[in-house]
Structures are given as C-alpha cells and as structure tokens.
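Below, each structure is written out as structure tokens.
Look at the two complexes coming up: chain A is in both, with chain B in one and chain C in the other.
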Partner chain A sequence: MLKNLFYNKKVVPWIFITPFLLFFTVFKVWPIVYSAYLSLHEMSGLNTSNFVGLQNYFEVFSDSDFLKAVWNNTKYMIGTMITLIPIPLIFAVLLDSKHCKGKNIYKAILFIPTLTSLVIAAAVFKILLYEGEAGIINTIIGLFGFSPQKWLISPYLTIPSVILIATWRWTGMNLIYFTTGLTGISQELYESASIDGANMLQRFFYITVPLLKPIIIFVATLNLIGGYKLFTEVFMLWDGGASPGKSALTMAVLLYRTAFSYFELGYASTIGFVMALIILILSLIQLKITGFFNEEE
Partner chain B sequence: MFLSSIKKVLVLSVIIIFGMLFTVSSVSAQTEMDMWTFVNAHAEFYEMMAENWNQENPDRAITLNTQVLPFNQMHDKLNIALQTGMGAPDIVDIEIGKFPGILENNAETLVDLSSVIDEYRDDILEARLAPYSTPDNKVYGIPTHVGTYLMYYNVDMLEEAGVSIDDIETWDDYLEAGKKVSKDTDGDGENDQFMLAVPSEEASAFDGMSRQLGSNYFDQDGNVILDREENIRTLKRLKDYVYKYEIADVVTDYHEQNFYNALNNEKYASIFMPQWYMIRFTDFMPDLKGKIRVRPLPAWPNGEGTLSTMGGGTGTAVTQEASDVELAKEFLAYAKLTREAGVKIWTDLGFDPIVTDAYNDESFQEKFPYFGNEKVMLTIQDLQSEIQPLYFSDLLTRLRDQLNEETLYEIFENGGDVEKNIKEAAEKLRAEQ
Partner chain C sequence: MSIKPKQLDRIKTALVIVFFIFVSLLFIIPFYWMLVSSFKPTGEIFTDSLSLLPKNPIISSYTNLLGTHFLRWYLNTMIFAVGYVILGLFVCSLAGFAFAKYKFKFRNLIFIVIVAAQMLPIHMQLIPLFIMLTKSGIVNTYAGLIFPMIANPLGLFFVRQYMLGIPDDLMNAARVDGASEWQIYYKIILPISKPALGAMAILFSLFAWNNLLWPLIVMRTEEMFTLSVGLSTLIGQYRPQYGMLMAGSTLAVLPIVLLFLKMQSYFISGLTAGSIKG
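Then we have the complex of A and B:
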C-alpha cells in the first residue's frame, strides 16, 4: 500500500515538496495574508482590532511622514543609481584591461566591504562621519581645503552620508556582476573596432555599454529595490532612525516605528503593502522603459 | 542470606533518606525570579538588594536572575512577550518614555503595585509616581529616582564675566548674566562662548522650563497640551536666547562626546539637566573639577511656577507572568522604597532617591570637590517640595519623535516660527488620539 504510494508518479513529487510547501506557507504565505488582513484593521497592540476597511490606505497617502519617507527613499535610490552603476562599471573595465597588474588584489580590496556586517559598517561610519574637525572624513576633506561638514546632523547631508556608505559597501558586489558581464563580450569585437579606428571611449560607449545592458538593467533593478527597502543604515546611524528633521526617515524605518514604537500593527502593515506596491510598480516601469520585456520575446 | 537482607534494608533506607532530603530541599527552594533591565548598574543593584532581602527573609528567599539587554531590543522583546503572554520576566525595568505605550497595550499583563506602594506613600515623593500611573490611580511602575532638574553653572566663567551665580534668581537675571558671559573670542564677528546650549534633537531644555510652569505634553487625562500658552512662552524664550540675544548656541543633544568636550573646553557657562547629569560631569568632563556649582533653576519672572521639576526615569514593573506575583511586588517595594533602598540608590547608583527619609542619611552630607566642595544632595533635598506631578499618555513615544526630529529642529536649528510649528505638532498628535 505504502510502497504503491511511493511509486505513484503523481503523488511522489508532492511528498517531496511537502516540507518546503509547509514552511513556505507558514513562514511566507501566511504572514503576507495575515498582514493583508491587519492592514484593513486598526490595531492597538496584538489583541484588539477594529475593522476599518481601506481607511489605512487613504490615510497613508495623506500622512506627511510617509510622503517624506517616500521622497527620502527616492533621493537615496537616485543617489545609488548615480554612484553604484558608473563607479563599479569603470572599475570593472579598468580591471579587465590587459594593462592592469594585480587585478585580484584590487578586486579583493573592493569586494571586502560587501562581506562586512551592515550593522558594524554603519557603526564604523558613524565614527568616520563625526561632525567635529577631528572627524576622520572631515580631516580627509580638510586636506583638500574643505571646511568640516556636519555629516549626520545637517539635513542636506544625511542622505548623501547613507549613499556614501552604500557606495563603499556595494561597489565590490556590482563590480563582480560587471566583470562577469565583460568576460562574455568577445575580444574580437574590440579588435575589429580598433582596426576601424575606434578609440577607447568609443569602444566603451559603443561596445561595452550596449552589450552590458542586461547586467546594467539587473544592477539598476537591485538598486531600485534596495533603495526603497533602506533600513539598517538609517536605523544604526541615528539611534533607532531618529534623523534630524526626519531627513533620513525611510519607509522601512517608519514601518518599524509604527509597529514597534507606536504599536499600530494595522497601519504598519498598510505601510508595508504600499511599500511593496511602490517597489513593484517602479520596477515594472523601469524594466519596461529599459526594454527588458522586449528582449524576452 | 541475613547479611544480604540487612544490606537491602540499608540501601533502601539510604535511598529513602536521600529522597526525603530532596523533598525537603525542594520545598524550601528559593523562588526563582527573572528580571530584565537595560542598565548594567541596575542589574547589580537589584542583585545586591536580593541578597539583602534573602538575609532578612530567609523563609521567602528569592533567586534573582538578571538579564541586561540593549535598550530598544529589551523594550521590543518585552512588548511582544507581554502581548503573546509568553516569555515575559517576573520583574522588568521600563524606561519612562516607553512606559505609557507598553502600559496602554498591556495593562492587564502588568501588575497594579498600589497595594505595596500604599505602605510607603507618606515616605516617598508621591508626585514621581504619576508618570507610571493610570488616571484611576493604579500604579504600574516604581520609580528609580527623582531626576531633580538643576542648573549647573561654570562658576569660573561667570565670575570672569563679573556675574555672581547667587544673584541669578529669575530667567530674566539669567538672560542678563548670559549677555555678559557670551562673547566672540576669536574675532570672527560671531559668538563662540555662550551662557547655554539649546538642544534641537532632544527636549530636555524645553521640558525643564515648561514643567516648571506645570505644563509640558499631556494633561492628567492624557490630552495633548503641547500648544499651551506656557509651552509657547518657553520655546519663544529659548529661541530668543539663541536668535535675539545670542546667549545660547544650538547643539544636537546633551549626550554625545562632542558636547561633553565643548562643555569641558568651557564653551558653555551653564546647562540645566536632571540630577543624574552630575555623573556625566564627573565621568566625561574632568577639566571642570571644582568649577561647577549646582543650583535650583532660575524662577520664571513674577514668581510663577516652581524652582525645579523631574526629568528622565525608569519605572520597574511586575508582570502577571511572575511565578509569585505577591512576592515579586514585595521584593520590588523593598528594593526601591525602603529607607535602606533610598540610601543605596544614592550611594550605589548615584541617583536622587524618591524616599524622602533617605536624605537624612549621613551619606547625603557628602561634600563634592568636583562641585566646589558643596553638599549638593542637600540642595536637591530642599527642592523636593518644588516637584509637581507629570502626566504622560501612550502617545508619548510619538510625541517625543515628533519634537526631537521635526518641531524642535525646525524652531532651534532653522529659526522656524514657534507657534506655527508647535500647533502643527499638537494637531498632528491629536489626530492620533
């Protein structure tokens, strides 16, 4: 009987995936379903709930803190697009060049930050970005004649400070993506372009960039998603995310606070859903514009 | 045969005796209690008090297992434990800012301590219970200290400017003194020595002055009163100190190395903070030894308000999950409300206790070389009668975030309009009520 069951081609696959399905349902599907339920309720703590329909969703779009958070996330996301695509790309091309010696050492140096714990990295940057004249980054910019900056205090510098950390941390990772992409580009293309008289810049813009497009789209999509999910750096740099003038308040920090400081799990779930929706819509728009879907056809 | 049966009897009796021993010992076993806190020194304090308790009450001895957790983590964990009804400790330290929110969501899982507090009510500063109480007079937390607001003057700087600190009686006198002491030392046209530093990311200066006037965030029923006239007046005065009279500099907060260094380097001639800031002076500002004097806050002109108020705090609570609720309550009262506890809170933790009789202990007569060889604790004792109750609501965390991250920042750092900003903040909070 049992033996028959194990030899039944329709049943066996289900037996094998049951453990996964079970975990997936309990730890992934159920929380999503439950938070969808919560987002339609006004909760006070875990135990009292009040059905309010879509009120939380209407509220979230007129919540000045939420709108501020979306704007801060957007600024951060744009910032990472500006730094985290060109810089790793240039490094990748330079390291791919046959004139470059000790490639692996440079790659390792650039990659090490990716391996660090984000919490520790943020704690270290908090010290580096210290606003006094003795601050390490202030000392460095002082060598170039700049006056000391209030990195973590001035609202204009809070997001740039977070972008600085992101750039330091993710350059190595993106470098790996781009390097992998570069190995897929045939050297013959460069050689024939050279024979036709294309200079280095022309080869970069007319061969490297177009052929790396899928990788660039991939990295840009990761940047976009990461940009809107920003949490740990802000949470660490300003104890619990209390940035000056709410200048670095992000959606995820607002969600965390709403849930665990203000105990409003219903509204926090709504923020979570709207956040996911924003990321989904923007990712789709981005993929559409960059022609990702066309290539699939 | 006979021998072996004797052996059997022997073995059996040994087993029975051991068995009895075990039963007896398990009957008299100490009650285990878990305690969470976010301050190392507090854990040590409670462990010491548990030892004292065990010596005095051998029949009701306890084993106190303290656990020190990071601030946010402990409060989040506690909240989840209380809500799910699983894993909460017997006794827990809850920071004053977190207290109202946790209480609001978990009133039925925390224990009303009124019955044990009643015994001590006449011997303590009762006003200090208000932040941990509900409008129906149930008390859910026992305070650790008073946190008497004090003015810390740098007497050297003031004397150099020709000001005697004992002539400063009102905030107007304080302003006049400030005008003398604040100056441009490096000739760049801007003041770089000030009477005061006003923080833009914490409310301590605003709190001290507005609480003197009996105002602050909430009324007794938990309604938001942030835009009250007294609060507006306080903020306008502080803003004028910064922008109109230039006797005050704007800093982020009073709790970072940068600020300690500035005080230590005599950039600011005074600061007003609760009593526990004394420890910051002695720990972080060694160069000011002998230069600092502790005085009451200047009074508001026209004799309005009081000369001090309370600031900061930790309320210790008992949870319904406690293995022995009554014992936990009694131990907690013993550890914080007896005269002996009051003395230890001063000698071991360095805080001003709420137990009034403790101030008569000789340890409070101590002269502090750091504070000009004065008997600082006696100044504090005199101020106890000035302290009025302070009321909070579960919106406190939200209100603090709003003030620290937006409103105060706008007013002090950007010179924003006081009335407009404070009214906006109050409306925003009322919408959440």
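Then we have the complex of A and C:
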C-alpha cells in the first residue's frame, strides 16, 4: 500500500527530497548547462542561432564595454568596502558601550533602510541627489560649505552616488552582524585591559578588531560579491542603466541590455557565464578564508 | 580643575546619544522626503528643498496611481510573496528535514552540490530561464515567476541547520506511538521549527517584494508587473512621474516597515541567515 511507504525510513527521505530536487534540477542546474550551451552560439531573438564556438568568449574579453563594466563593479566594490565596514563597526562599538541609552531604537532605525526595495531607495535618492542647489544632499553639504555637486550627471560622481545609497542601505545590516559578534566578546577582557591602562582606541584595535576578525572577513566577502552583482540602482538612476559616459555601467546591466534590448541572447549568456565565474572565484576565496581557515588564535 | 570620572561618563553618554540622534535623523531623511514628496506637485519636488512640509499639498499623486496598474502590481507582488513562501517553505522544509534527520545514500554529495549552487549568482541562469519559460508558455505568469525560485538552497540550508538541533527522541517517541514519518514531519517537526520557518518566510517575502531583476525578466505585460517593476516604469524616458513614484514607493514600503516593527527578530534572523558559521 502506498501509505506504508511513509512508514519506511529508508524510502521516506527520498520522497521528501524529491520536490526540492525536482525544482532544483529543472530550474537551477539545467539552466547552468543550457547557459554554457547558449554562450557558444550567436543568437538574435529566440529563434535564430548559429554555433560559433568560443567566439563570444574572445569577444567578451576584448569588449570595451564589458571591461569598463568590470572596472566599474570593482570601483564600486572598493568604495563600499571602505564605507560599509568601518562605519557599521564603529557604530556597533558605540552602540554597545554603556554610554548608549536606547540602543535598540537606533539599531531599528538604522536597519529599516535594509528592508526597502532598491527600486525605492534609488527612486528617493534620485530626488535627493538632484544636482541643483535645491537638491537635499546639496543643501546638506552646503551647510558644511561645499558647493552643489552634479551627482548623477558627472561621470566622476556616478559611482560615488551609488556608493552613498549603498551605505545608507546596508549600514544597518552590517551593524547587526557586528553587534551580534560583539556579544561574543566578554566584558572581562575590556575590564582587565582598562586596569592595565589601555585607553578606548587601544581597546578597540587590540581587543575588538582581532576578536571580530571572522565576522569582519565574512561581511567583507559578502560586500565583495555584492559589488559585482550591482544592477537595480544603476538601472533606476539612469533609466535602464544609461549612465553618463558609461561610468556606472555594470556587468549585470550590460547583460540585461544585451539580452533584452539587443536580443543577442548568445552573447548575453557569455557575459552571464563570465560574470558568474568571477563571482564564483570570489566565493571560493570566501570559503577558503572562513571555512578552511584553521583557528590559530 | 580636572573632571571627575562620573562627569566624564555623563559627557560621553550625552555625546554618544547626540551622535546617534543625528545619525538616525540622517537615515530617516530619505523616508521623510519620500513621504513629503508624495504630496508635492512634481515641480515643487525639485525646487523646494528647505521647507519641511509641502507648500501646496496635493493628493493627486496618489489618485493618479489608481489610473495606472498600481493596484494590480500590489496584488501581483502579494501573490508572488504568498506563493513563494508557501511553496518554498514546503519544499525546503521537507527536504531540510530529510537531510537533517535521515541517513540515505549520496546524502552528503547531493547536499554539497546544492550548497555549491548557492554560490553561483542568478545572473548565469537568467537567460536560459527566460528561454525555458517562454518556450513552455509560462513566461509572464505567476507560475513562471514562482516555480524557479522555490528550490532555494539557502532555505534548505537554514532549515536543515535548525532541525539538526531537534532531539531525535521526539521522533522516536512518535514512532513508538505509531506515527508515520509524514505525520512526524507535519505534526511535530514543523510546529517546532517555527523560528526557522518564520525567518525564511521573511526572507522569501522580502525577495518577492523588493527584487527587480527577476520579475523584470519574467513579466512581460504591464498588468503582470510586480511593485518593483511597475515603480521602475514610472521613471520612464518621456515624462518621469516623480510624484506618483514617491506615492507608490510610500505605499510599497509601508507594509514592510509595519511588519518589521512587529516581527523584528524574524527579520534579523532571516536576513543574517547563513552568517556566523551557519
């Protein structure tokens, strides 16, 4: 009887994993194979396709747009690394200190941007970053004596603008990671250091940072990988990703445009493939550092 | 005259609090501006920055939204979220349970393959999925939107991790009482796993609510757009509708913020899933 199968401990696990494996194979594994296949073809639209071997790959690595995109992704990644690790870290330490009353409120407020859609974040910042004097960001920096900047217009300020949005959006998230990590550091360490005469900065650099190293590395790698997936903000801020001078063109935007504006599905698959390779290598670096890294401490 | 330690402490506390109030205000500005701009005529949005409230408040941004497919976008997004959560949780928890509590051949190998798949970004699969969905006729449908997402490796991983902590005795006791394995899953394990399921539900919901790239590719006609896609069309090339965009954004953000305030721990748990050594 079919029902008895559900009493059979040897058979049941296979029944249980089947739905997952089914959807996984069809929608996650097969597309990877198919993508490799497509990348070896030249296609225009869904129905025309010619086999061209590795030609797309040769083209991709000499494509100035693609290379510019990789460079843009890298610039963005470095920028977010600079803002999204020190700032949340310092906030976490300050929030955690006995000097901070009401820390859960601040944590919640700083975290809420993380919940918003990137579409909405970009939409709002499109207004905030208006280049005239009346733009809010320009008004704020005006208070400190800076002249209005052409945020979304100057090719030099496009990536910084996106970095600003990212900082607003993810500080709260990294803050949570770091505060969770801080709970693992015992107060006694700080107390005995104080008794030995260590001041705040010394306690920070010699106790906090080293003990938080695994989490810092983890957050850094998330940042690293995220930097190469940048899409939505660029798409929203510059109407489909047409940033001035292609200064904010990213791999993902290029992929989307190649596939859905130019219909070159084969070449776009190649872009997707190479992009995934870059990210995979970075992920493996993460695994190596956090997973295989044996504690010497 | 040197400052006594107690006074120094108080000064430090005051400084820290002032600092965080300042930072909090900075972080709130975008939300505040979004809300305020939704009540301003488009011209005022860009010219009038110093006043805290709109000079000539209007509600036409909101009413004009009704003239677009906005309500439909809202509905589509909710269907996406609900469908993704229900199917995704079912598929992932069932499999997570199997991986956590049963021994079977190739178990570890299959698990490694699944975890490895998580490392690849979805961008690699976008075009093949698009072609597959189009050729099988489910592009631009809810099915096409939801099905490719439900076998979520992170969901599986997180649930399995949680279930590893459930004592086997519970299952054995149930078996002695004559329960089938399915009953064990459904009546015992699932209810206990609520924290993990809740966190994953939040994660999936946020994806459905916020993600742009996936629905952008799957949904081809305006009535089928999700909120993200729909809102992105409001800044079209021809006449960007900033007022409506802000109104739509406010309405889109509201449920998430309210839900967050009610269920903070699930949000944080779900979003930081897979962090500190799983």
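Note that in this section the second predicted complex is superposed on the first by the 272 of 297 C-alpha atoms of A that agree within 3 Å, B and C clash if a C-alpha of one lies under 4 Å from a C-alpha of the other, contacts with A are read in each partner's own complex, and residues count from 1 in each chain.
Here is the rule we use: a residue touches a chain if its C-beta (ideal position, glycine included) is under 8 Å from a C-beta of that chain, and two chains touch if they have at least 3 such contacts.
In this text, all values refer to a predicted model and were calculated from it rather than measured experimentally.
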item	value
Touching partner for A:S194 - first (chain B), second (chain C), both, neither	neither
Partner chain in contact with A:I279 - chain B first, chain C second, else both or neither	second
Touching partner for A:S186 - first (chain B), second (chain C), both, neither	neither
First (chain B), second (chain C), both or neither touched by A:V29	second
First, second, both or neither for A:Y130, with chain B first and chain C second	both
Dominant toucher of chain A (residue count), chain B or chain C	C
Partner chain(s) touched by A:L46 [first = chain B, second = chain C, both, neither]	both
Which superposed partner A:K9 touches (first chain B, second chain C, both, neither)	second
Partner chain(s) touched by A:Y262 [first = chain B, second = chain C, both, neither]	first
Common interface positions of chain A, toward chain B and toward chain C	46, 130, 132, 260
Residue ranges of chain C in contact with chain A within the complex	9, 12-13, 15-17, 19-20, 23-24, 27-31, 33-34, 37, 45-50, 90-92, 94-95, 97-99, 102-104, 107, 110, 114, 117, 119-121, 123-132, 134-135, 147-151, 153, 156, 180-183, 185, 206, 209-213, 216-217, 227-228, 231-232, 235-237, 242, 245-246, 249, 252-253, 256-257, 260-261, 264, 267-268, 271-272, 275-277
Of chain A, residues touching chain C in the complex	3, 6-10, 12-14, 16-17, 19-24, 27-32, 34-35, 38, 46, 91, 94-95, 97-103, 105-106, 108-121, 123-128, 130, 132-136, 139, 168, 171-173, 176-177, 180-181, 214-215, 218, 225, 228-229, 231-232, 235-236, 239, 251-252, 255-256, 259-260, 265, 268-269, 272-273, 275-276, 279-280, 283-284, 290
Touching residues on chain B, where the partner in the complex is chain A	72, 76, 79, 83-84, 101, 104-106, 200-201, 252, 258, 261, 394, 397-398, 401, 404-406, 409-410, 413-414, 428
Contact footprint of chain B on chain A as seen in their complex	44-47, 64, 130-132, 153, 240, 242-246, 249, 257, 260-263
